[in-house]
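What follows is a set of structures to go through.
Heads up, the next two complexes both have subunit A, just with different partners, subunit B and then subunit C.
And then the complex of A and B:
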């Protein structure tokens, strides 16, 4: 027996399959990863999705255009304002209507506040994934203030149904601009605090720099968008490259990864792009709050949305990347087909490509840096 | 590159491959010509469509064909193109382009899952959003919701929202 054990060829060294999820704290929702490993080294990952599939696209075929808005909230629940906005933009393109300037500004303000709120969750939970618990409590504390602002505007804290086709549901309350400016004054120095506790933390850099490098070619080929694409050094942001709403009136930069701590496109870069983007959003917000004109927010809201036959593909830069709505109108008050191109769906598909050859603990860090929301992937 | 120039380019490179969708900035391609057209789209130096933005399956009604719409974009040339392929409902087969644009991999699986269009040559064509043992293709217009799934009744009362 002892003789036999010395012969290593008798030891099994097969590929092992490890299931992570669907219930696992670091999978950010109900995602199952089938990880093929050789010892501790990952050779392939098969993400298994669909646990949160709620037939969004099927539902859309039975609902009128206005009734779909609250459903878009529930796809990406961490950036619901962005989803409302993206859907409204697509329908307005089909309707070919002009939106009042005040509504455009309100939408930009809401979208940027939502982008900060969503990035705060991304940054906080990413810290949690790699072992830092305090940053999460800080980011969630600051996100609460944004949710308070949203509650002040429309009464809801998570799922808003605020941005309608052609307008918004309520005008801004009286003290909103002052309260938002107060929040920005509070929030800007906080970003430096996150940097101190997390971004430039030695352990954090060790865990993330040079890990899971995503090259620009692979990122574009897989359809990655948003901070994941920009982390790889591609200067691509729909707010700048194909401006919609009033984004062409603001002065801001596109945040890109520059390989400051290692290689361009590593996990740290993808994380840091979100930090810079929050600063840029603050910049946009200050300009928008200073310039916002007066007007009637319900002026362009159609009484009944009825669209003649046609189709449109409209894209929008949400907190997670490019949200696309492909809508085929059938000449009725209900759409014939609504397809939502989900950014996290494409971002997740690249996971196996970049996690190959890394340890299981690195997979957690890489997955955290992709910032997925399963509600949006599964729809 | 403008839409008209793209059509002219196709008339030289691949005559008869594409037809223009009436009144829209989109091209229709026959399923059997699709691999050839896809190769031109990705490799031609004047086109270089390196990004597949969206891939949508659609069904316009019970009597009609099933279709897939591809929305391409070029990150370097900054132009866009929509390609549509329609196939008969009974033998819905389209060659896969997952080896050219990896983004098509999961999107083709999604269309297969919800519309039942088979993408020939796809590396791993199986259901993605629905359970593996689901019967039928829910986004087809002639789909009928089953009464039970694994012994669990499926509620069909739609009063109040439909």
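And then the complex of A and C:
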């Protein structure tokens, strides 16, 4: 024994490498995190992605412009309407066609409902990540109502294929506006319930405030967008800064983190931005539902979309941030190249920057606050 | 106070077997079987209860409405009982997996050590006046000691699984249980100082003569609060469930266990919850005394061993409910916050409490 102890290599302590994922309850899909730990303290994180790679961009080169729409559903499956909308927006920009106003309004309504649904999942799973189970069931219960509304509109509950190039697949059903207003009346007080059970819970604040602070400079350098960027106090929301569709007609605010519980840009701020955004979305929805005009829901798009040479980059504010579609048209009915800018990819890349030096539990909380969807990261 | 073993020995003696050794063995076996049955049944009932509580809070449908054998559950109070039974059967018939790289002997042994710890604890816990398997005159100390054996099983389970998550869970759990035993011990010590005895029977008798402990003095009330908080931590339940922490450590030290071995963990966990609750009701809430005793009213037909059993379980179930309420309400603490809370909040308060209660006892 004594001789063994002389050999200090036996007593040598080393970092432990921990593979979190791809099968792990809190990596939100099939993300794998290679974590170097010293006890509970995390010294290095390497996110490893690609487990859900389905060659979306390559597929697009073999599909007509219309056929790509259902594929966009599968990228960000928690905000499929947003992805439909973002893609349709890009192709319409390339086609240079005017979209009927009713379609614009329907798209705004769908996008905002989808934003609420997506943020509900984000808030709920974030609750799960920090150990509270009840908020998750509550948010999922309310998201169910939004899915019911979507089902009422287009028959699908998760992957809609509703927003098409040049319009939407069909008009809103008769009672949709009334049912949506009923939902909004039900939903607004619910946000306060989430705040009571989770947001202002002392333990929750202890777990999230001052943890994983993302400074505005780092956020901008990494290309973070959406609630992650706004959580750091940067007022950047494409709906306001670069309005598309009819967003310039609505009165709403950009939710930004203000460091109410700790420093600006901490995990709590990123979480709370989503809560405020849900309230703002409700505001937009109420205005849109009141103003929606009558009219046709199909623009004058040729039966077969065929675009001459040209390219376009179109950006769109999805629930997770800026979705960009860069499309190069090759003069055929199929695009020559489609590149999608994934917001969650940029948001995830900041993880190792802000989560190193914290504990394993904090890494989970920080990852949860980034609200990633692997379908979109891997595409 | 009579113990069950003593009573049974007396009965066997009166039957004229004459062989006291045989009588002792019989008595111990019967008592052991009864305790085991109580633990098993309690685990099933507690799971059912927990499902119901969670269903109330979370709009869960299954635990409210599942029936059994074509017998509709509906929204009746028995709705969901089918789920519990199905769960029990599933756990018993599920494949028992031992990982290839695991230390098999230790891995098989670990659940039993944990089980034995709760089993041993149950032996010293009185369920009513005279209804205790073995009446120790150092009951409080015995329960503290027997309860801490479980942590060995947890460390063994975590280490032998040969899984990094299990190891994390085991180390967290060991740190947590050992730390939180101190505030529990200190708050029980306060009662022992006042009563001057470690025997549960004496403690309840003192409360019958004087006051229940949670209203005995401000310090006793603080000790009561400390005991409840530390008790929740001791049983590894939310918000102190960091050893299991399903969103961080998958399932902590239980990650590699399945089937019957896992259900033993489960049973011990709920047994521990029950033990902590029963001790809380004995030490601070007058044990088997009827609630009217708070006001000094003694109704003779509300007392006696059977009523005592009822009262003690009512009080214990209240605590169990509070623990479940916690579980479905709170997020989880971080491991350093947990340690901070124990060593820098609970223990200083508990220590100060001990000093103050000694002064209080001197004055009054």
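The rule we apply is simple: the second predicted complex is superposed on the first by the 367 of 379 C-alpha atoms of A that agree within 3 Å, B and C clash if a C-alpha of one lies under 4 Å from a C-alpha of the other, contacts with A are read in each partner's own complex, and residues count from 1 in each chain.
The definition used in the following text is that a contact is a pair of C-beta atoms (placed from the backbone, for glycine too) under 8 Å apart; a residue touches a chain by one contact, two chains touch by 3 or more.
Not measured: the values here are computed from a predicted model.
*Asks:* With both structures lined up on subunit A, is it a clash or a fit for subunit B and subunit C?
*Replies:* By the criteria stated at the top, subunit C and subunit B fit after superposition, with no clash.
*Asks:* Here's one for you: vertex at subunit A, rays to subunit B and subunit C, all C-alpha centres; what's the angle to the nearest 10 degrees?
*Replies:* 130
*Asks:* Under the stated touch criterion, which partner chain does A:359 make contact with: subunit B (first), subunit C (second), both, or neither?
*Replies:* A:359 contacts subunit C only, not subunit B.
*Asks:* Please indicate which partner A:326 is in contact with in the superposed arrangement: first for subunit B, second for subunit C, both, or neither.
*Replies:* A:326 sits against subunit B, while subunit C stays out of touch.
*Asks:* Where does A:30 make contact in the superposed view: on subunit B (first), on subunit C (second), on both, or on neither?
*Replies:* Touch status of A:30: no partner.
*Asks:* Could you tell me if A:177 is touching subunit B, subunit C, both of them or neither one (first, second, both, neither)?
*Replies:* The answer is neither, since A:177 touches no partner chain.
*Asks:* Can A:206 be said to touch subunit B (first), subunit C (second), both, or neither?
*Replies:* Only subunit C is touched by A:206; subunit B is not.
*Asks:* Quick one: classify A:55 as touching subunit B (first), subunit C (second), both or neither.
*Replies:* Touch status of A:55: first partner only.
*Asks:* Mind working out whether A:156 is in touch with subunit B, subunit C, both or neither, as first, second, both or neither?
*Replies:* Neither partner.
*Asks:* Just to confirm the value: shortest Cα separation between subunit B and subunit C in the superposed three-chain model, in whole Å.
*Replies:* Superposed model gives a least subunit B-subunit C C-alpha distance of 25 Å.
*Asks:* Where on subunit A is subunit B touching in the complex?
*Replies:* On the subunit A side, the touching residues are 49-50, 53, 55, 57-58, 62-63, 218, 220-223, 234, 236, 241, 310-311, 313, 315, 322, 324, 326, 328, 330, 336-337, 339, 341, 345-346, 349-350, 353, 378-379.
*Asks:* Per the contact definition, I'd like the list of subunit B residues that touch subunit A in the complex.
*Replies:* Residues of subunit B touching subunit A: 24, 50-54, 56-60, 69, 71, 75, 78, 82, 101-103, 105-106, 114, 127-131, 138-139, 158, 161-162.
*Asks:* Mind pulling up the subunit C residues that touch subunit A in the complex?
*Replies:* Touch residues, subunit C against subunit A: 54, 57-60, 164, 168, 238-239, 241-242, 245-250, 327-337.
*Asks:* For the complex, which residues does subunit A have touching subunit C?
*Replies:* The touching residues are 16, 18, 24-26, 40, 127-134, 137-138, 141, 197-198, 201, 203-204, 206-207, 359-362, 364.
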